[in-house]
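Each in structure tokens, the structures are laid out below.
Two complexes follow with chain A in common, the first pairing it with chain B and the second with chain C.
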Partner chain A sequence: MDELKIIELCLLGKTQYFSRLIDNYQHMIFNLAYRMSNNLQEAEDIAQETFIKAFQHLNHFNPNYKFSTWLYQIALNIMRDKFKKKEIHPYSLDTPKEGADTESLPPEPADHTHNPECILTQKEETELIQRAINALPLKYKEVIILRHIQDLSYLEIARILKLPESTVKIRLFRAREQLKQEIEKEGRGCFFD
Partner chain B sequence: MDCIKIKTLLNEYIEQLTNEDSTNQIKEHLRSCPSCQQEYQRLQKLISSLRSFTPQEAPADFTEKVMAKIAQEKIEIDPSFWKEIKRKITVPLPSLPSLRVMGVSSALIVVFLFFAFNYLFKPVEIIPLCSAEVKFSLRVGDNQQIHTIAIAGDFNNWDPQANILQDSDGDGIWTATLKLPPGRYEYMFVLNGEKWLPDPNALRYVKDGFGNRNAILEVNNCSST
Partner chain C sequence: MSKISNQVLKIIKDNEIKPKPRWYFLTKNYLIWLFFGISIILGSIAFSMILFITRQLDWDIYRYLGESWLKTFFISLPYLWLIFLLIFLGVAYYNFIHTRKGYRWKIFSILCISLITSIILGSLFYTGGFSENLENIFQKKLPYYPQLIYTWEKQWMQPERGLLTGTIKEVDLSQQNKFILLDLNNNLWEIEATNALWKGKLTPYPGLKLKIIGKMKDTNIFEAQEIRPWSGEGARRGAQKEHP
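Our next item is the complex of A and B:
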């Protein structure tokens, strides 16, 4: 069903239709929250809070923008707030579900000192990058995730962050530079070899 | 171009954002400069690794959980009307002479009372004793793949499952007859449970505020149409 019609129906009191909006966007918001917080439980709480806030303020949604843009704004505001209050600890060693056998042990920094070839598995690479992302300042973390993990265009990111596209470009450039440095530090020079 | 400039431009080059001129210059430079070539490969590896992250999906019962929370905690959509009124009333007033303050606040109170009065003492609704039979019809072209057509509007709480049109003789004209008390109704057709379509034969329309328009039907008396 047409998304704007769903919103109109919700505003007319048929609130059960809101579940369709959640169905459409749950994975998008959950993935963002997980990459930002690096914690599955935290991601679920953030995603829940995002949809509840969106429901409460549905009256304020501007149909000239995409619904996803609005949801991203709500989710990011919730997370900024949580980071500020230190309710999110992105260093928590939550197990990323990157493979079938990753449920048990928290990831440990890979030790390549005894491996002269310094080869990382894909899982190790992912964990290394996630740790490097965690170490970034919040504003850099946001643009890296929105651009390269959520695969959004510069225009969409600019709308979400309410910034000019040129500013997004510069911020992303700096974020990537810092991310490369963090990866070098965390991966002890193994990642880029 | 020197290496410092190239390394800055690589960020745009890798996302295909450079113009043709710069692109050619960068390509040429990369062929002859191992250091910039290495930098380019590092950037390429970083971006492709980020893109290869497995998307983390929400738990299977996520939607149910959120909807249950909304129901249990009796969360409602904010009525923006009241919020606006409240915001106007609670705007901190600048320090003005007390008479002026009183003037402004009493004006606000009058406005508030006016709305509150209208809200609390709505005119008693007169329940019509009769209803008219209204026939809705929609002609569908042969090339359209239509499985169901429903009608949703003020009269059925915009439920796209409540009133389904029929085309029993297969002539492409789908119809439904509804009994409606006199009144003004907004409605739309719903094709295949997905596509919302304003009635092309309606006499009047109103913008629905979401880029589409609702058809308007006015039933003035109880004679069937």
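Our next item is the complex of A and C:
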């Protein structure tokens, strides 16, 4: 069934149809929340809160945009609030590794160039990059995750973050620079060569 | 993961959560535009006040005071209204980016458009006499306002620094170059104008309003070096003050 039709039905009081929207997008939102918070329980809570908020604000959804864009906006706003209230704790490269959480991460980032001489192991790289991303300031973390992990276009990121596309490109450039520095701190600068 | 939808639906049901009505969002959107419009109008008023206050000052007298133009400039700026203008520009920007498509605009473009609109509207307010009326009201009714604004009166009522203004009360017919002046604080001054340069082909007569640059010789005795007629915004306001 078409998403707009589902939204219409939900607005008419048929709440059970909302589960179809949740099923379609829960992985996307959960993945974003997990990358941002680095905590499974936190990610689940954020995903839940995102869908409840989306349900309450269904009348505010603009059908000219993708439903996913709108959900990303809601989820990011919730996460920003949590970071502000320090309900999600900022992460540092000095933080001890949490094996259970990081071992299950998929390999990324999507577009980095692999230099065979520099690659140690896929697992180590993944852990290091995830830790470096977590150490970034929130605004850089958001663009890196949206671009390189969620694999979104500049236009989509611009719409989600409500920023001009040019600003997104600049922010992403700075985020990559800082990410590079964070990784270089650990002596792995060659990821970006 | 699959439990998320069950949990969400349960929370929605248990807490009887319903989608907020469409009018709620429409009203919110209209209010944002309304506040944007109000901020632009208030910014325009602030600009018209800046224009009015700066235009009633004489910007050339720094030469007679032995000060730099920059010092005079910074003393004379209407900071209160400049701060208001900046605040309203900020509020306008904040509201604009919260409109539906506001995020697409760059901060520089939004601030430039808001400022240009404030300048155009403010100039219209100034031309229409709105800023003058407002300044008169504020001067009379707002406590502490006169202390915060460097007005034309403040600029010219500094006899110890060689600036004096007021109305001629009496001309000494035996000594053409002496006259009695009633200043804006209702003090009488004996003006010696033997070596004074009269600007604007003036002939002294009782009732003539003057601005005098010179030197205070003694209590209530002032030696004039240059005498100017009242003109411009300040003069108009001064006249109103004297004959309300």
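The criterion applied here is as follows: the second predicted complex is superposed on the first by the 155 of 193 C-alpha atoms of A that agree within 3 Å, B and C clash if a C-alpha of one lies under 4 Å from a C-alpha of the other, contacts with A are read in each partner's own complex, and residues count from 1 in each chain.
Quick note on the criterion: a contact is a pair of C-beta atoms (placed from the backbone, for glycine too) under 8 Å apart; a residue touches a chain by one contact, two chains touch by 3 or more.
Computed from a predicted structure; not experimentally measured.
Engineer: After the chain A overlay, clash or fit between chain B and chain C?
Structural biologist: Because the two structures are overlaid on the shared chain, the partners are seen to clash.
Engineer: Could you tell me if A:Asp151 is touching chain B, chain C, both of them or neither one (first, second, both, neither)?
Structural biologist: Touch partner of A:Asp151: chain B, not chain C.
Engineer: On the A-aligned overlay, A:Leu11 touches which partner chain: chain B = first, chain C = second, or both, or neither?
Structural biologist: A:Leu11 contacts both chain B and chain C.
Engineer: More residues of chain A are touched by which chain, chain B or chain C?
Structural biologist: Result: the larger residue contact count on chain A belongs to B.
Engineer: Per the contact definition in the header, classify A:Glu125: touching chain B only (first), chain C only (second), both, or neither.
Structural biologist: Only chain B; A:Glu125 stays clear of chain C.
Engineer: Pick one for A:Pro164: touches chain B only (first), chain C only (second), both, or neither.
Structural biologist: second
Engineer: In the overlay, answer first, second, both or neither for which of chain B and chain C A:Ile78 touches.
Structural biologist: neither
Engineer: With the two complexes superposed on chain A, say which partner A:Asn62 touches: chain B (first), chain C (second), both, or neither.
Structural biologist: Touch status of A:Asn62: second partner only.
Engineer: Taking the superposition on A as described, I'd like to know which of chain B and chain C A:Ile52 touches: first, second, both or neither.
Structural biologist: Both partners.
Engineer: So, does A:Phe173 touch the first partner chain B, the second partner chain C, both, or neither?
Structural biologist: first
Engineer: Kindly point out the stretch of chain C, out of 1-9, 37-45 or 217-225, that overlaps with chain B after superposition on chain A.
Structural biologist: 1-9
Engineer: Output the chain A positions appearing in both contact lists, the one against chain B and the one against chain C.
Structural biologist: Comparing the two interfaces on chain A, one with chain B and one with chain C, the shared residues are 10-11, 15-16, 18-19, 22-23, 26-27, 30, 44, 47-48, 51-52, 55-60.
Engineer: Within the complex, which stretch of chain A touches chain C?
Structural biologist: Those residues of chain A that touch chain C are 10-11, 15-16, 18-19, 22-23, 26-27, 30, 44, 47-48, 51-52, 55-60, 62, 158, 161-164, 166-167.
Engineer: Using the touch definition from the top, list the residues of chain B that touch chain A in their complex.
Structural biologist: 8, 11-12, 17, 42-43, 45-47, 49-59, 62-63, 65-67, 69-70, 75-80, 157-160, 190, 193-196, 208-212
Engineer: Mind pulling up the chain A residues that touch chain B in the complex?
Structural biologist: Touch list, chain A to chain B: 1-2, 4-5, 7-16, 18-19, 22-23, 26-27, 29-31, 34-35, 40, 43-44, 47-48, 51-52, 55-60, 63, 96-98, 122, 125-126, 129, 144, 148-149, 151, 169, 172-173, 176, 179-180, 183, 191-192.
Engineer: Within their complex, state which residues of chain C touch chain A.
Structural biologist: 1-2, 4-9, 11-13, 17-22, 24-25, 97, 100, 102-106
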